[in-house]
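Next up: some structures, all given as structure tokens.
Here come two complexes built around chain A, the first alongside chain B, the second alongside chain C.
This part shows the complex of A and B:
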């Protein structure tokens, strides 16, 4: 672009910016925004506008430029070029009208909840009474008024995040900027957080939110897919889901690995994604696609085939693939001398495992079994005991009670066991101050990878992480997602028989996540036993079996489909003309957890059968003057399962509400 | 103003919340003060000396007695079988003295002889002191033996010790250590509190509010001034009995200079904290710069006049240099305003300079990339 063109564009848009009605109706306007850090251009000409009362989502992987955009809009960083305006002013001048929630929450860990609120309030020159009233108001609204005197550092992840939101709200901003507010937060807290956001937007607050979670994207009014500093698609979630013009077939068959391989080559099929016990097959023409699937898989016995709406993840992956091609997966160089243990024999087994830290019982009598060739997913809210369990299973932590057998042995610390397991933790797995190559050398060394195999293995990890030619780079300078891929590669270099993965994909973009899961599936197909924890429920679908932990108890186990079928009650999706009000009305009469809002759709869990329930709900809303446009039964998602199970456990008294 | 108070209150809450750091910040200086003040001693005493007396006459014994009478030396005889340099090599003595045969006879007949002093000059400073002592003691010996008659020098230096008549080095070092402690601990706390905001990203919360750089920094300065004043009171209350100090004149210059000095110290901490945005590195920087400079270039131990000119100019930027002047004046010299009026002025200038640089660094209240 020539210099003249830039000036011209700016002049023209400034006029538009100054029109009063527009700035009220469209509080956030970003035009051709650019930001460079030295030679690296993080934001490459981004434009979008957010309307009053809208929740607008920026969806993209780590390193896509989301945080830079937020920092510019928050007035804490200057753009390199282009313009950003908030309520018709520069972000810097509009600071008093902006609430900004950063990724790290910006809380003072050593101040109490009330002190944090007071400090922020005083910086914004609120009076004593205003601070007191509003603190009380928001703490009550977020159901945390009991914790006013607790140190922020002692709050759970979800609570910290709500406190940060309260801090951002205390000055009653007109615009709320939320930069990945729910990263690393469990599904229950995430749902609570979104439940708190939606009424704010309904009252006219304009909200810009960044998230890597595609299920959260569903709750936004409009979203923009951002990748490598550019926006590639903007629209409502429904528009984006259908932008591909594809339909999704859910397929269940006997040998999924083989089925996936066959369908990849079959004609008339656009994409195949594997999710635990099912395949998602994307097709342009349903009838032809279905025929093609049945024909291709005629030897494999297709047990189920359903037509479903495509998901946002389908759309996102397809868009990204168009942009950068799929992540190619070179075959893992196997050099095992000894054979793998027999499939379906027990790899990890725990009997009434428990762990006590002082007065606190972190894990309570957990039974669990993982077989070779199986992917077992451990789910649970923050503090449910997942990480403690995984640490006991791989011998890092001594259990207080119960027994663990790992790879057929009871002595978890013996070197023969250690040689056969791999472990990747969410943090601390790589040394930031070593180069990628030095890290790989170190791990190859400590895991005793034979010298002659090292070079080949290292090359494989680099190609798997897409970092060929960058091995001399310092590990600390990599975005989180890439680091995760290197760490994953490093943990399997010695070809373990049992693999422990603690949140392997947090912050990894969907394409890389697919590559990672293809590799995980590949390992499982080869016979490796894999135990994985995750916060992404979309990802939990990829596991063969799941265990759900609540407050140290294992409350449910089974395949994703089993768990969904085992759910009591029915999930009804309602589309109404006034979803906000409808939620409020229904919540007044039903338990809170039964009703939640996804964008413009309400999800209601009822105990009656479908028809009776729909009739009752419609009647109830009608009495309050709300028309139900559409209502139908939806299959439970894993998130529904998760939240319901936690709620039921809570009501059975297994979980004390956080105190 | 309200934002300054809010900022200061937040800092103080954090300081009081972290009891361990607070205790360390208040008690560690006291321990260090006692250690520094008592361990560093510039007087040279009890130096092991061996004497080989090859003469064995009343005169030679008299000479040895003179040496023994001095507090500087601890004298032991050296057997004839040992060569004097060996005693030095084996670290048995710093000085080996050889009294030649015919010592008495030469003295009486020729009125001239030599005594050999072999001095270990590894420590140049002690060697110098011993050279001076050797001359003085020999002079003393001659006077006592009445061998000086008729050779009275034309000018005799008549020395009297002022201000610190006992030449107690404790008072000298103690007053200095007091200043060094205040150069070290207040900036350490301030630097930590400032770099922590960056490290934990809480600074973003500050940036998005409309607090200005000067309000933010003044708030922090105010809070850590309070902590520093508490430190000062504690240090003063221990230093006075510990080193036997007494106000020699009006304490007013000391009080005023103290305020300026603490401002200097805290501003220096803010400066480090805004420049270095990592707590561990900020600790190191503060310790190295504040402690070393205040230790080496402030006249605490080594007189500023002795510092080679190529680095002496740096001492003008070291606040402790000025504050040591004023503490020594207050407790030893008692010169009052006339002697030290420039101290609060210089300290205020330096403090403002540090504050200004910190402000320049912060003034945009934005992330820098």
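This part shows the complex of A and C:
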């Protein structure tokens, strides 16, 4: 697939090129862009173009070069070579027409929503009248007009993001540059934010957005997969999914670890990856693939086998694998003298756990159990009490009520318990001012890893994180994703029985993420109990069991498949000729959360059965002059589960509504 | 107990200790702050706070009119510091001239000067100093006492000759004239007076700032959580943090003493070992203050700001740079709680008088007590927060 995807647009769009000045139809053009920092080349000849009214996603892990591209397009930095133009001008000259949102928003927390907007407007020398009109307009558009007087600091994560977006929009830019706008934001807030972006694009705003997360990529019109400074594929999400010419089989069988191992060697199977309670098997030919799977796993009793569309993750991994080969995973050097605790016995248990901070009840009577050999995912929106819960489970925080047992002991602060657990927090696991080797030496020493094992274990961590020969480098100079891998390695060197992982793969590239999860699975197979917190649903898919937290309550627990099948109602995917309008019409008569837009496809959750619902929806849209091109039932994604569960909790009064 | 001791000496502590050392080594700012400020401050205070006070205009009221009193006046004159401007018949006339700014100092020799001296009784000579320039006044007072002391040595071994120095204030503030009596003052040069005092100030200042920054750094970076999840005991963590700092800061003692010796020619007449040991106590007190600051702050910046709030009173109210006698009466007892005060006395006495433990033990024990209280309180607070 060509990187310069504009040239392969449809005939209609080519006509548009001829009729209008190019810069109007294609506001963002990047050609052979390069950026070097000293000897390090961060961007290695990137070309792409974004059409007017398009949401274009740059998808890639930390350190892929996304931020450099954004800084060049934002006019903040000069490229080393190549061209970048916005509306036919250099980015610096086009600055007044660019709205630029970075990962950290510059909102004033102690100003109200309206005051924030007024301040930005006044900076841009807008008249009072314009500021008032535009503020009102965007607040209405983002469904925030009730909060004009609320302090920005007291908004929820998604609302803050939308306010930042409104601030960027108040000068009426023609191009929006969004550099990882939703990093660290929970699914509910992320959906809210994307729901705000889509109507903007529909009105002709050109949007370039960077994200490391593939579930967000699904919402873009077109995406480019970027890795180590190069774009490897460009196209619509559907095109990329199918570009592989592969099909995906979801396989459930009795011993998944064994099944994975067998299938990896089987003929006719392109790729195997374990996701919690299932295997994703990529095959070129469905019939032959299915036969091969059944054949290979005949002793393991295949309980389910479904044909599904490949995911973007599959596509990205396959693309990268072609380029650099799979991450080879050398076996972890185990030297454990004492035996592991018995599988399926309780490793972590919490009974009616609660925590109160002053007047605020952060955790409300949570029951939870994680067994040895299990990967348990703790999911929740920002402020749902996840972090507080995990801190109480590992003894960093004293609970206000309830009991915790960790590795069979009640005294969580004792040295002997902590010797048996591993802990990796999201951001701060390593010392930035030490070299990689010094960090590893420190953790090996402080956990008392015997000296004779240390060298081998250190070598393993370095090879696992792909940093062989770079052990003298300062840890602070590593991109986030690499640091995560070292931190993970450092946290398992002492062979813990219980492992706490706080968002272990945020910012890690897909291949490395795969290696990481393979290792996590390997640990679980060995009998380690693993507790993972995350608000990224790709990660949640990998867990054996999930616990979903909302506003301090544990509202649902079960395997990813259990949670999906337990959902009430049916998910209908609609493809219409006017998705924007269709969404507006349906939202007018249904609850907001039931309708959402993914690129050009509408997801609608209905309570009726498939046929009745499709007929009703089609009729409803027909009356407004919208034709439904295709409509079919889709299985719920974990994101759907998450959002519905939060909604249900809200209806039951567990969560106070936003106002 | 045996088990804890074993735990304590194991590789865990070693790993923590190495980590701290490596972090300090990378922290160029910290290394610089251990060397540059002490050197600069010692030079600055040693040279700059040593103004050449010469040819002060002295007015004399000699009520004694004896050879002894004339010898006293000429001793002032011969010192080169004072220049006899004129004689007055009454102290009133003298103080009028002082008020008018015609004089820098006034000397009143009582009528019974020679008689009491001959009888071997204490004699009180009054010296008025124009205190508008208080620094000059202090130094002039110092010279005067030295001159009188030298003279008293020569005239009689038996009777102490004392001088009471009155600081003449600007006319409007006259009601607040403090009465300062200076006795034996060995510091005939102000750099000799300043540098041993500076040593204490520097140990506390550097100790507290560096310790506060180090202790709070991990809290600020968020790595403390990861550290707490390791089997390391909180006492091990603190010990590993304090030990390298203690070692490094102790080098500052040698740094300042070397500058004192080689640049200013200040000798150490007493026991170097005792001086170093008490210096270590002072360093530990500084680390205690720093650790305490760290328990009240969340970021290095806050810690530094708080350090700047705590340190000036500690150094100003210590007698290290200005005499304690110059402070208001009610404040003086409080200075006994100040570790710098005790160390300044200890350092001066060891360096100039050559006295040892047998004389200095009250101050040494006071310093030890203050240090123990500071360090245990701060460690207790720090542990509680871990």
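Heads up, the rule we're going with is that the second predicted complex is superposed on the first by the 604 of 659 C-alpha atoms of A that agree within 3 Å, B and C clash if a C-alpha of one lies under 4 Å from a C-alpha of the other, contacts with A are read in each partner's own complex, and residues count from 1 in each chain.
One rule holds in what follows: a residue touches a chain if its C-beta (ideal position, glycine included) is under 8 Å from a C-beta of that chain, and two chains touch if they have at least 3 such contacts.
These numbers come from a predicted model, not from an experiment.
Residue contacts after overlaying the shared chain place A:419 against chain C, while chain B stays out of touching range. In the superposition on chain A, A:107 makes contact with chain B only, while chain C stays out of contact range. In the overlay built on the shared chain, the residue A:429 is in contact with chain C alone; chain B does not reach it.
Using the contact criterion defined above for the overlaid structures, shared-chain residue A:74 touches chain B, although it does not reach chain C. Judged by the touch definition given at the top, the superposed model places A:441 against chain C, while chain B stays out of reach.
Of the two partner chains, chain B is the only one touched by A:115; chain C is not. Contacts of A:409 after superposition on the shared chain: neither chain B nor chain C is touched. Of all the residues in chain B, the ones that touch chain A in their complex are 2-3, 5-7, 9-10, 13-14, 17-18, 200-211, 365-367, 369. Note for the complex: chain C touches chain A at residues 7, 10-12, 14-16, 18-19, 22-23, 26-27, 221-223, 225-226, 228-233. Interface residues of chain A facing chain B in the complex, by the touch rule stated above, are 37, 71, 74-78, 92, 95-96, 98, 100, 102-104, 106-111, 115, 118-120, 122-125, 151, 167, 171.
Chain A contributes residues 394, 396, 415-416, 418-419, 421, 423-425, 427-434, 438, 441-448, 451, 474, 500 to its touches with chain C in the complex.
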